[in-house]
């Protein structure tokens, strides 16, 4: 199936394999008139770059983006924006063994079942490098949202047993700690925890959180295109994510209505009437539509499946074998996935705003009769 | 936006408001030749019917389905199947107050912000009755999957603090207990818990689980149309769901790779090579594609927002007021949502199979050159 | 496939067979706040009703529409509008022969090849009655366009060899002549021509034209979603249409550039700069996008395939046989298809306006920051 | 809007401007296992290359394609195939005048109205170079169809008043004459006609035809996704096409039913029962679904709008001016558009086959239970 596109009006289509010639994305449907340069995009790609700390694989990947279309005289033209990142440091030899067997926790077996064979080099299309296109596209979505007064921020909430303390939240640390934890103390503990996991030839899972500020009330749709439904799809489509929560998430199943309902209060903002909420258990979404308060979502990410310990598996002939994965692998996926979550959230939010531009006849009259 | 459709090949489009004339669904893209009658569909609708126990609202809703098209001489023809359920017992007078203020935890405010006004009778389009169309469509998807040897089963996993014990799982109870808990002991405790909540004029959240057996390996897609991503959207689009988990779900963020990886073993089945897995932490999906083992997913559902206690809110003029909701409301959403989860899962799985029918050139040759 | 939906934001989904219980349509994505009643829709359905003159089948079909959802207190709510027309006068006995053989010019054979069997009563899903849903939906699109100052008008341009003379165009006749020809003289000749064809147990083809006035410049898209491309699809999807022309259409292949180019002149209108064109060979569309002048398109419709003369064909066993079709059939399709063309044009134009609402960043800022 | 994608399962997304850095296409949803190399694609691109005869612009464009993803060890993997063609010979200086005014017959004015500004170099996104992506994608679709026994062939049918004589049809000439006319005599006349037009600083329109052989009966859908409807969209979306005909096309409006109906006869083929038709006025499609006979369609293409004669127009300030277009322009569009028509037809046909793979329950059982 044509499964590499996401979005209705702001539609992205990613392509590329870990060890192919290049990876990239087409962003179609971006409104015209947004100032955009390669450095806007590169800043986001640099956040997912490996080799920047001891936590990530020691592969050096420059991941330099080139914008090939859709921008003229420094502004988006409304036509498709094609962006490409050439693969430069991929050494296919590293993966020769992998061709013959199925790594636990990876998509090797399922690709073979679906397609009959697979590009086994570095995970092929199921590699984490697939997210390059998402991040490049998300950089544009984020810049456009920013022009509308909306900010999207993701960070690491927990790594294994170590969780950030909201009281310690320091925005300055969000993009600078190796863990992407915006809490100096938790970051230090997590770094130590990961060093130990690496020593034990093991890997660690974690949780990331994303918040959206400034989103007007009224964005999203009531049934299948609920804002939270599309966010759930967007985030669950990131490799290794196994759970998505909105607002209080899994906690709601243990709560009472009297605890979980958010009281409406008189407030300020773009809504009419303007309101605030006494609490935000709902995470900013009611009935699939934004309520004007902060959007809050979380994703739970499994530990890196490539570990250096011996593992049991089967080969392509169906024989049981024991393997030991070589190569360079991060002991944790989360810190590099944070920017991906942020980008998928931005893309989803922006698309909901674009498709929702025609919800009211009065808005249409304003647009087309002026 | 046109947000009332779901699916690519097996596409459903639902319509209808709580207190409108009727509700229904169009199922388009259903393969031709499936034996189908109204009783097949009615059996599923009866599972979401209120008034069947003390746990659910005392409204009497017959919810009788009529098939209006797409079936000829007892079999689906391949053309759209239109199904309708007339609203019979809705009394709009009950909801007259609601027109002027915004109920906490409901979509009243967000609808007004999006559309400028709303059908305030019984929640209008954001009512739980919207799921009638999903369930009618899901009944068809389930029957079709069954013809392919695939079964989908959902049940209540927990209600407030009371959780089922997998050791007590009794398939006979799954569809017969008022809680939809397939565990006699847990069911009894949960019934008592709910009675207490009702007494306290409060409501309770819960968790539901769904499992799919018999799904071949190779179903789903690698990037945005991952099977788990589409399941997450499908389930999160059910009103009141605030979290979706696949396999071990939120637990993976606390786990190590050595604990979370599922070893492949030689096995039996339709895959080639045929495998089994020593464990199934992944919930049957790797890289967005089914691996041939059981699909496992969970949804966390918030407590019913309509509670009888006094609540603070604002009215349409933005003034803070105190309200007390009247009418008939379930103290818990979960038992009636279980069949909705099962149906959305069936629809998602079937659609993935239909869009995946063309993944391999060899399959196409088989289809078109025979 | 799910092939019964059309449109991206203003999306319609039709359902129903000629001799099923009912036919209908879901209109999803209609902006909220449009005043709408059943009589708005009925007026359009009445234009496609048979039995109104000697030209059309003598079947009596009341085709009364019921709106089941999506309208509250007389206005569209933004949620799906479900409309239904019950079949009342269909007598299946008339079609019993048809079950066993393939009528020339009909879809009997192709349905059997695609689906394995078919609902043979009155053409089933391939009946002209399928257009009931299109017309009901188009009535809404037309009313909404009208609120934006845009009018869509279709009429019969030719029947067999008889063509209207633009000099005789009389808007008052467009909806009142039995041929839908807005030219009294041509209408009279065509009526006689059709009477003769009926006598000869034959049928006649024709051409219909549609014009759109008041459409602002800038509607449509540059590549695959060109306004003319979507109009071509919309119109070619009407049964029996075999050619679609935009502006000068087929004539352009005989023309020179110096004849075909439309010079731009200073003018008035909503565009900036405001222009007029010296001529309109392009039919109001350049590069897939409206240029602010009148949109002009034509469709060529084949003669009714059901004729009373003896015809050769094969039966389901593949044996060659001779048949003589009974029942009641129009000697021409065009007059009843005119309103269908008008409606499909309105739907396509409106959808292009809705998806185009987000083309410019400045427009988005106006919508979301006010 | 995201208007640069086409297709449901076999989905192509094109990008790039005439004078940008590059142009290209993503082909998503191509079945896995098709042998594919760059030379397969280059052969099709070479057919649309300019500079190959006196009829086409004297610009030299090498248009060398590079496949960047989706092919591994010489076969398609099922993942997106990204193809790129670098722009090498574009000289933006040629187009500096164009920035300030609106060329008649071009999309300059409409782009400005839609997007607020435009990439004016060489037509930007509305350039004929946009079709590079369509042709690269169509080369893959054609090769895949070929593996299923289906061939797609387009050629020039007429240029101005000169038409080919079907009696002279010579397949060897189809791809070798400068006009793409498969008739030596007509080609010679057309070449002379074009030389004269060039002398007169004028341009010429023409008609192209496309036929599909080997397509099984049963491909397509009954309502909006009719095979002919999608073909009409596909072909009308090619710049400069102003009319699309299926089978007898515009002629049907002058015909009688007794002339236009195609009698079914006993025959041979993959259908059941196997049939032939005595005639093929329908062009191989009945009710939107292929009937097993040859698919026939035609497109009428306007004369090149860029002519060297003086023309009236307005500039961006709305002032009327007189212009004389410079640069290098073909005196006719048709010969280079023929391969584009062939490619869009192949893409449309293939996609219909992929989405139709799930039409019957029996087929699904064959696929998933083996």
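General remarks:
Which chain is which? They are A, B, C and D, in the order written, and residues in each are numbered from 1.
We adopt the following convention: a residue touches a chain if its C-beta (ideal position, glycine included) is under 8 Å from a C-beta of that chain, and two chains touch if they have at least 3 such contacts.
Quantities reported herein were computed from a predicted structural model and do not represent experimental measurements.
Interface comparison, A-C against C-D: more C-beta pairs in contact at C-D.
Taking the mean of C-alpha positions as each chain's centre, the chain lying farthest from the centre of chain D is B.
A separation of 26 Å divides the Cα centre of chain C from that of chain D. One inter-chain figure worth recording: chain A and chain C are separated by 44 Å, centre to centre, where each centre is the mean of the chain's CA atoms. Multi-chain contact residues of chain D (touching two or more other chains) are listed as 1, 3-5, 8-9, 14, 29, 32-33, 78-79, 114-116, 125, 216, 222, 355, 358-360, 362.
Remark: chain C residues 1-5, 7-11, 13-17, 20-24, 26, 28-29, 32-33, 66-70, 72, 75, 77-82, 84, 114-119, 124-125 touch chain B in the complex. The part of chain D that touches chain B in the complex is made up of residues 8-9, 29, 31-34, 76, 78-79, 144, 147-149, 216, 222, 270, 353-355, 357-370. Interface residues of chain A facing chain B in the complex, by the touch rule stated above, are 1, 3-6, 8, 14, 102, 104-107, 109-111, 113-116, 125-126, 130, 158, 160-161, 197, 202-207, 216-226, 228-237, 239, 242-266, 271-275, 278, 282-283, 285-292, 300-307, 309, 311-314, 316-320, 355-356, 358-360, 362.
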